[in-house]
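Comments concern the structure below.
Order of writing sets the labels: A, B, C and D. Residues in every chain begin at 1.
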């Protein structure tokens, strides 16, 4: 396949980058990194591995899970690169890396209900300053938060969750950064893509501009800064690890 | 006791029986997933999974698993014809916006007011994880809870006041245990069904909170 | 074509209805009706005509425009059936029906910035109790509204906009109520569909369950109560008018 | 005066020239739509239309108009390869969320602080209509305004304080008139370009507010 890059003239938009290293270049120490994925689905494994190799430290990670097994986010945590994690479901039978760091007080956890996490990301992307949600009212997770009764129902005030960078995994993408996802691999990707200053997408395939159905584009390119091909899970696993 | 407690499967069948055809339903992690086995394709019930599925089908056949097609419990599933994929913000908009008719959740405790505790034991060294539990409990129109009636130590999980951390207040509509089916009403807990061989008074004694007898046969 | 209805067993979900009259049956006097469409695109003309014939009075209409020419919403207004309109852009060169009623004090107008209208509808559908938006701060349209400075920026507090009924125009639909739209005809349809207690969709074509790509469904059926076929604009125009 | 004021088309060309390749841009109703005519396909600029289009193309050719493919001004348009459709809430999320690099708007008045008035004359009998003006003015990263420098009565539309109802406060970055191009800066209004034959002092006199001279040639 001719890379989509070749077709773009000098003043043409081309968000595709040739390597995973290019994709994660410039992520600064202390960044807040939104990481898509839900369990096995839609995890940007190749980008996480590239971030590990890239070296940024003191990261805040926003992700539904806190890493499983010894690869991906777990490897980033194990390498001591994550200061803080914002997460709805850190605990799992194979979350031993996180569990160890948490119990040793070596990682900070902000636990957020899954829907509130999604909505706070959406608010960040949509320019909403804050919102009232009924979720978590009266629970420990709303401790100290402002509340208000609206139409007879108690709500909690929640604020946007912005990222410096988002790492998302999509199925196909084009040089304008348009993305479509695959099945439940969609999950947090589209909303994280809107919430970060710089969204980086790994895609199974880069397709020519116009190949994606305009009725079915899930993430319009306006939300995406870089697109890199990472052909499949095996490729991701084959990426050399720095740790 | 000579009673034979309902199995998890029997409890799941009772929940399934009470789900009207045409309902939009989310089955929580753990015991509630068993309810799916008791829904028949002829009585259409549309299953929602908070990771972005509506019209979720049965578990994937061995060999057909797709890591991108899982439910919220991380199990490989299928999508029915007519199903749809969407992202997490849209998925929880459905939940929080009151579009789900029913969600079925496991629980540590339910109070007489319908307060639910199911996300955290409160143990100091436990690693907390909440997932979508608070959103589901607060958002679904009806919350059905499945749990054993008693703890291993023999204490009732139906309580006057929660001792475990709250998931959501006044949210539970029906409690399905291995001993009884109990409606949470404005006038308190109403027993709809009791396991064979257990007297109502004995159930009240074991439960330790006020219950009224609303069995069809009563 | 065999109507999709025929295929559904007794305990099967079938949201399709045979006639436009069935589609709008039961809309009560005093209802708030969300009406999709933007200028010429995605207007549920057949449903509006059916609502005119149906007879409900004292309606509140939520719609981006307040009717053009003498048909559609304008006809509903002319028939004296609308008490109040919530709208971003009522004035147009052919909005004479609205203009006349407004100047005569016979219709109430709540003017809302277009994006705030879309977001208030989304909040209604998404169970958000209220939200802070920077739009309209310091303007007449924020007069009397609560404000708050968040992260150095002034915001206005806005509340959800719920409908009793939504009338939307989609391209294709199935018996579960799944919908896809056509080009810019999408506009307010998907968000209004989430915001009403009962959403009624007119579609160009009813397709068998499973015919719509699950990756490309825009409105999942959970948001839709009734689907009726209204084959095209000409059909809509041919519907007898009650007024 | 012997000066030849810039035509609307010349103003549009100046705006187009100042839009960097690769920008995401919304062109407001009225005069701003002319800017599209001065963008070349070789220097890609992606146009957004608030009714749910990104990658909007040129006006539809006669006979090819599609009532479902219009821009926010209700004119039949096209979609470029790579374009996308989305709904209104997503469209205004793009606007309000700061994802648009630039929007170009018409105006009744702009103040020295960059306050914009463009939605309502304030006349008591006028029927108000706001559309997406307030969202665009508040949301886009850069707001470029196109307007005649003077009203028909000869009064400056660049003012110390707005007398027309506000659209958004402190939002305008650059003003393109038929007489000058003026940057709104933290230190006040800075003139970048003046129509040939008009002296800076004369422009200041006509405008009636403080201006600094920042012309490349000055």
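Going forward, a contact is a pair of C-beta atoms (placed from the backbone, for glycine too) under 8 Å apart; a residue touches a chain by one contact, two chains touch by 3 or more.
Predicted, not measured: the structure shown is a model, and the values here were computed from it.
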item	value
Which of A-D and C-D has more C-beta contact pairs	C-D
Geometric centre distance via CA averages, subunit B-subunit A, whole Å	30
Between subunit D and subunit A, distance of the C-alpha-averaged centres to the nearest whole Å	35
Centroid distance [mean C-alpha coordinates] between subunit D and subunit B, Å	55
Contacts with two or more other chains, residues of subunit D listed in rising order	79, 85-86, 92-93, 95-96, 139
Touching two or more other chains - residues of subunit C	119, 122, 126-128, 133-134, 181-183, 215, 218
Complete list of chain pairs which touch one another	A-B, A-C, A-D, B-C, C-D
Complex contacts: residues of subunit A adjacent to subunit D	9, 11-13, 122, 124-128, 174-176, 178, 194, 209-210, 212, 214-215, 217, 220-223
Subunit C-touching residues of subunit B, taken from the complex the two chains share	21-22, 24, 42-44, 46, 48, 54-55, 79, 81-86, 92-100, 139
Complex interface listing, subunit C residues touching subunit D	38-42, 64, 88-92, 95, 98-99, 102-103, 109, 111-116, 118-119, 121-122, 133-141, 181-191, 218, 233
Contacting residues of subunit C [partner subunit A, same complex]	119, 123, 126-134, 148, 150-151, 153, 155, 159, 180-183, 213, 215-216, 218
Subunit C contact footprint on subunit D (complex, rising order)	49-53, 66-70, 74, 79, 85-89, 91-93, 95-96, 120, 125, 127-135, 138-139, 165-169
